[in-house]
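In the two assemblies presented below, subunit A is common to both, partnered first by subunit B and then by subunit C.
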Partner chain A sequence: MVLLRDGMCPGLDEGLVRGLRAADIKTVEDLVSSDMEELAQRCSVSYKALFAIRRVLLAQHAAFPVSGADLYEELLSSTAILSTGNPSLDKLLDSGLYTGEITELSGGPGSGKSQVCFGVAVHISHQLKQNVIYVDTTGGLTAGRLLQMLQAETSNAEEQMEALQRIRVFRLFDVFSLLDCLYGLCGGGLQRASVGGGSVKAVIVDSVSAVIAPLLGGKQNEGMSLMSQVAGVLKTMAKDFNVAALVTNHVTRSGGGGGEVQPGLGASWSHIPRTRVLLEKGGDVRRPGLRSATLIKSSRRPLLIKEEFDLKWWSRSKEEGGGAAAAASGKRKRDETDS
Partner chain B sequence: SEMTSQRRRREEEEVRAEMSESGAQLFARLEARRCLKDIEPRLFPGDGGPQHGEVVELYGSEGTGKTELLYHLLCRCVLPNAAGGLEADVVFVDTDYSLDMLRLVSIMESRLNSWMRENNEEACRSCLSRLLVVHCSSSSQLLLTLHFLENSFSSRPGLALLLIDSISAFYWPDRCEGGANLAKQEEKLSKCSELLGRLLRDYRITVFATCHAIRRSYSGPSSSSFSDPDRPYLCRAWQRLVIHRLLCSRQEAGNNMAATAGRRQVLTVHCTSSSSSGTKAHRSSSFYVTDGGVEFT
Partner chain C sequence: MQRPVSSFSLSPGVKVKLASAGFRVTADLLHLSPPQLSREAGLSQQEALEVLQAVRSDGGGGASMSALELLQKEGELKSIVTFSSHLDAALGGGVPVGKSTEICGTPGVGKTQLCLQLVVDVQVPQCFGGVEGQAIYIDTEGSFLLQRVVDVAAAAVRHCSLLVEDEEQRVAMTTFTVETILSNIFLVRCHDYVELLAELHLLPDFLTGHPKARLLVIDSVALPFRRFEDLSQRTRVLYGLAQQLAAIATRHLVAVVLTNQMTTRLRGNQSQLVPALGESWGHAPTIRLLLQWSGSQRLATVFKSPSHADATIQYQITSDGFRDSDQSACSQPGTSC
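Here is the complex of A and B:
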């Protein structure tokens, strides 16, 4: 809803705005939808002048159509694919995280969603030398953990510090702070966060369901509207600033408790991410780090393909790294049984 | 007297400019816009298909193939006649940033490939130039954009198809803004629907719009208080426009997820077409999604 103000466009002076308001025309939408001849008579202004004002306002506020050819050219030159650092996950995602899209990672408690996000952040900041925005809504991220993972990638302290500096962390715990943060990023924050030569290429929100799920259910619509807003600003940010958005979601059981595991936040969220991956524990007691990832939504790969990987070794090179890497990469529980 | 004759000449020119503008508009309206009845006969009952000025709604939850069907119809329109297309221009209104150009182009290329082996890039580019994409981020902007698009319709008689993905994108923000008043909640979409109705009558274009389901449909007993999950929930002004309703769903292949992995998921479409006499015709079809797009079974 855009209110009519004088000076918005040539010919729209204070007198005319007052006249229009008296005729119950308060917004640009009202003006554009009205009958020009009738309105010109009521406001005693020439039809030609009013028609010209309508044309200018429409050009200013309507969305501008773009030719498909131009749009495709632009996408080809600006879309980038960011490797997650884990070859199995990359295979599932058709090479990695695509910029301009939202990728969702869902899973139950302990399924490793945050660990995957840490691994992605570390890989992008250290290996790809690009900046990452990490929005933590669960309190699970610590600099110590990131440093631990970086130490498994390189023993050079300076490189570790550089990589850490490329990860910008926001800690917030409610949806309004999240919206503030995201709008702030769109409004210049992303440019300001581009430090050390790299630009921000990924925005990770872990987790988006933690701040939205408490608002859903019941009779209020505000929760659903806030969810739409978060979705809208994430998509806009991904598209306009060419970043890959990675969000995490919890899981629920379908059919009210007895059915299969599915991502949370309901049907209205389900079509927001372009790609969705479901993460589950491997089920092998001897390999507690084992996880299986299933692709449940994709426009590029067949559905329900699975990949397995071990959280202990984020990239295959660490598998060859042996003992030192095992100690450094660590997990929260010290019950590794190395073969 | 020289000034008055100059002024008269200028006035005449202006009037002539206005007349020829309205002449062109009239021509654009009367000129038969490409009828899209044959756009995809496998979806519609009888020898049916959308006539001029008809609206088709594709309704379904995530993963039921609605967007893939839109890509299929889009390609069908913009491809050259020799490649099985209709050579018609299309406007794609994207309300939730869901248009995947890379996917669309890969479908287009695979269809062009089966027709001609070389020079694919040129052909692809000329097909893409028949497509206009516009992105809206609110229902107010959608209303303004539809007004703006009126210029495109009147100046391009080749524009036969308007695709909207999706018409339900602003449902929750509008409901929240409208507060407790149902009429206020539905006001914006009603205005868009009324404008769309006028554009349909004046310019005789065809519209396909997707609508996301807002409740998950469980295959369990229907004793829940949610009633029919496929019941239309958008405002009545929109419902009145819809002539053909395509209900998209996934064919349940049993509860074992492992069994369906790797095998292609079959998607079904159930079409309900309302005629002016009040009778309804039905048709069911099924398809699966391949790398080259939708393939009917």
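Here is the complex of A and C:
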């Protein structure tokens, strides 16, 4: 769907473009799919010139096939796997978040989606020393909580500050701002955000359903198109810039209140993330930080495998987390003093 | 990367005209001037100008900041104390400014009382550890009782005057009286959801004109939506409402407090008391408090919070307002209000 413009290729000048427009040829597709002889006669231009223009345009706009072996080599050299910092979650995700892909976390309110996003951001910025872009659409991001989690990883204040500087936060609340932000990142924002030697390795959008859900359904017809655009730009960004995209989604209950939970945004969105994880609160009242994660879509691991982890001890697995740890990364209990 | 024209916030009619004229991506438009664009796409001069402005604007998604800068900004924001030290501790200092908090509970448990307490507490002068801001109270139930506010305000003034230690606090007390407290509360009465949505649309302009506003209370957000016929439309409207409230809280540095009612959820043979407005609404507020009865004791539970673990505390409602239970209002000098 590329418009014909003068200067696109040698021989395509303003006069010829106008002539073609008059003959109802507006885009490159129209030109290459129309009859050359008839067109040459109608626009009173030589057949040879038109044919040459057509050949150049085809060369410019055609896609060239790539062999599987080349693709595989490229994938091996460019894909990275980012550990989330939590051993149970890593086991579920087959070692962590893959760059070039979108991973989705869904769950009900209070199930821990934002907490997992914080943990991932902190781990990548502190342990892996790479930059993270965090897009917050719900207002749930508290830098104090990020600092709390960092303080459990290291007691060096300078390292904590450095890690915080590697996390770049965007706070926006509607879909057009989100699109502006994502396109801006693709158009150079990612390079600008790479501070301190590292490059941006993860883009976290919490949550993508909060901005898209108000637009779906009813008499509005823009919702699906905007959802596809968000999906498209996220995927392109993940692939072209080798970042791992992590998004969060809400859940809906089928059967009007009594049925199964399933991730929101419907069937159209379900094709977009490569891996989907459903988070639920563990039922144990004595361990309020317990969460269970179920894999509901994956191309690498069997479905419906479950892992449990405790939000209080992000870096330790469930077996180790049972013992009381003095320096818990957990949320402050209410009897600890404020720092 | 090529950005399609349909990803901009333009009216659908304009988008259709641009698409039928063949303009799909921004690259097609950038080199045109407004008269050229209006001629080629059949738009009016004004529409063409708007399109080109939208397409050419730098749009990096607005301001971004590093987490370190965000931490510094958060350090400057105070929380609104509730005069119940246990609840303040469970919330990490009080109701946070810049976030949305929801209070759920059955009728009569004290949701409106807590809101009235907060509306007075937000005005406590900064030298006493308060936020010294104004409050906006959107009342959909008709439960705002002026006499009760006067009682709570008088108790707060009495409490603070007992804590006066230095000259600055003495001066502040002259401006912290029942009359000034009442004059800093803006009351709006909304009778249905249309009025509520209209009020929220007008609120950003109002807040820009009143930069000292620090608290927005909507009591209750559930009532206008309980009588909706079309549930899917209700869900959509609530999602939009949630985003508007989040934007207001973040951009204008306002603590948004909502009250919600309870409803029964039936699952098989069992029924359970859950907050109203559905599962999807639960994602909207950042912090959720549940007020409930346990025998004759009132309990408050924090069951959703980004930085604090779930906790349950006891409280009571006295003639002075919302207080800790089995304990008269703290009167020791030096303790925070």
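The rule is short, and it goes like this: the second predicted complex is superposed on the first by the 311 of 339 C-alpha atoms of A that agree within 3 Å, B and C clash if a C-alpha of one lies under 4 Å from a C-alpha of the other, contacts with A are read in each partner's own complex, and residues count from 1 in each chain.
Convention: a contact is a pair of C-beta atoms (placed from the backbone, for glycine too) under 8 Å apart; a residue touches a chain by one contact, two chains touch by 3 or more.
Predicted, not measured: the structure shown is a model, and the values here were computed from it.
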Overlaying on subunit A: subunit B and subunit C, fit or clash?
fit
Partner chain in contact with A:236 - subunit B first, subunit C second, else both or neither:
both
Looking at the overlay, does A:62 come into contact with subunit B only (first), subunit C only (second), both, or neither?
first
First (subunit B), second (subunit C), both or neither touched by A:222:
both
Please work out whether A:75 is in contact with subunit B alone, subunit C alone, both, or neither, and reply first, second, both or neither.
first
More residues of subunit A in touch with subunit C or with subunit B?
C
In the overlay, answer first, second, both or neither for which of subunit B and subunit C A:16 touches.
neither
Check whether A:304 is in contact with subunit B, with subunit C, with both or with neither, and answer first, second, both or neither.
first
Least Cα gap, in Å, left between subunit B and subunit C after the two complexes are fitted on chain A:
5
So the subunit A residues that subunit B and subunit C both touch are 1-2, 27, 221-222, 225, 229, 236, 256
In the complex formed with subunit A, which residues of subunit B make contact?
61-63, 91-92, 96-98, 100-103, 105, 125, 128-137, 140-141, 143-145, 147-149, 152, 169-170, 172-173, 175-177, 191, 195, 212-216, 218-220, 255, 257, 260-262, 264-265
Per the touch rule, the subunit A residues reaching subunit B in their complex are 1-2, 27-29, 32-33, 58-59, 61-69, 71-72, 75, 79, 221-222, 224-225, 227-229, 231-232, 235-236, 238-239, 254-256, 259-260, 266-268, 270-272, 274, 294, 296-297, 299-300, 302-306
Provide the residue numbers of subunit C that touch subunit A in the complex, in ascending order.
1, 3-4, 6-9, 12, 22-25, 28, 31, 59-62, 64-68, 70-71, 73-74, 86, 89-90, 92-93, 98-100, 231-233, 235-237, 239-240, 242-244, 246-247, 249-250, 265-268, 279-280, 282-284, 286, 288, 303-311, 313
Note which residues of subunit A are touching subunit C in the complex, please.
1-3, 5, 26-27, 108-110, 114-115, 134, 137-148, 161, 164-174, 176-187, 189, 193, 207, 210-211, 213-214, 216-218, 221-222, 225-226, 229, 233, 236, 240, 250-253, 256-258, 264, 288-289, 312, 330-335, 338
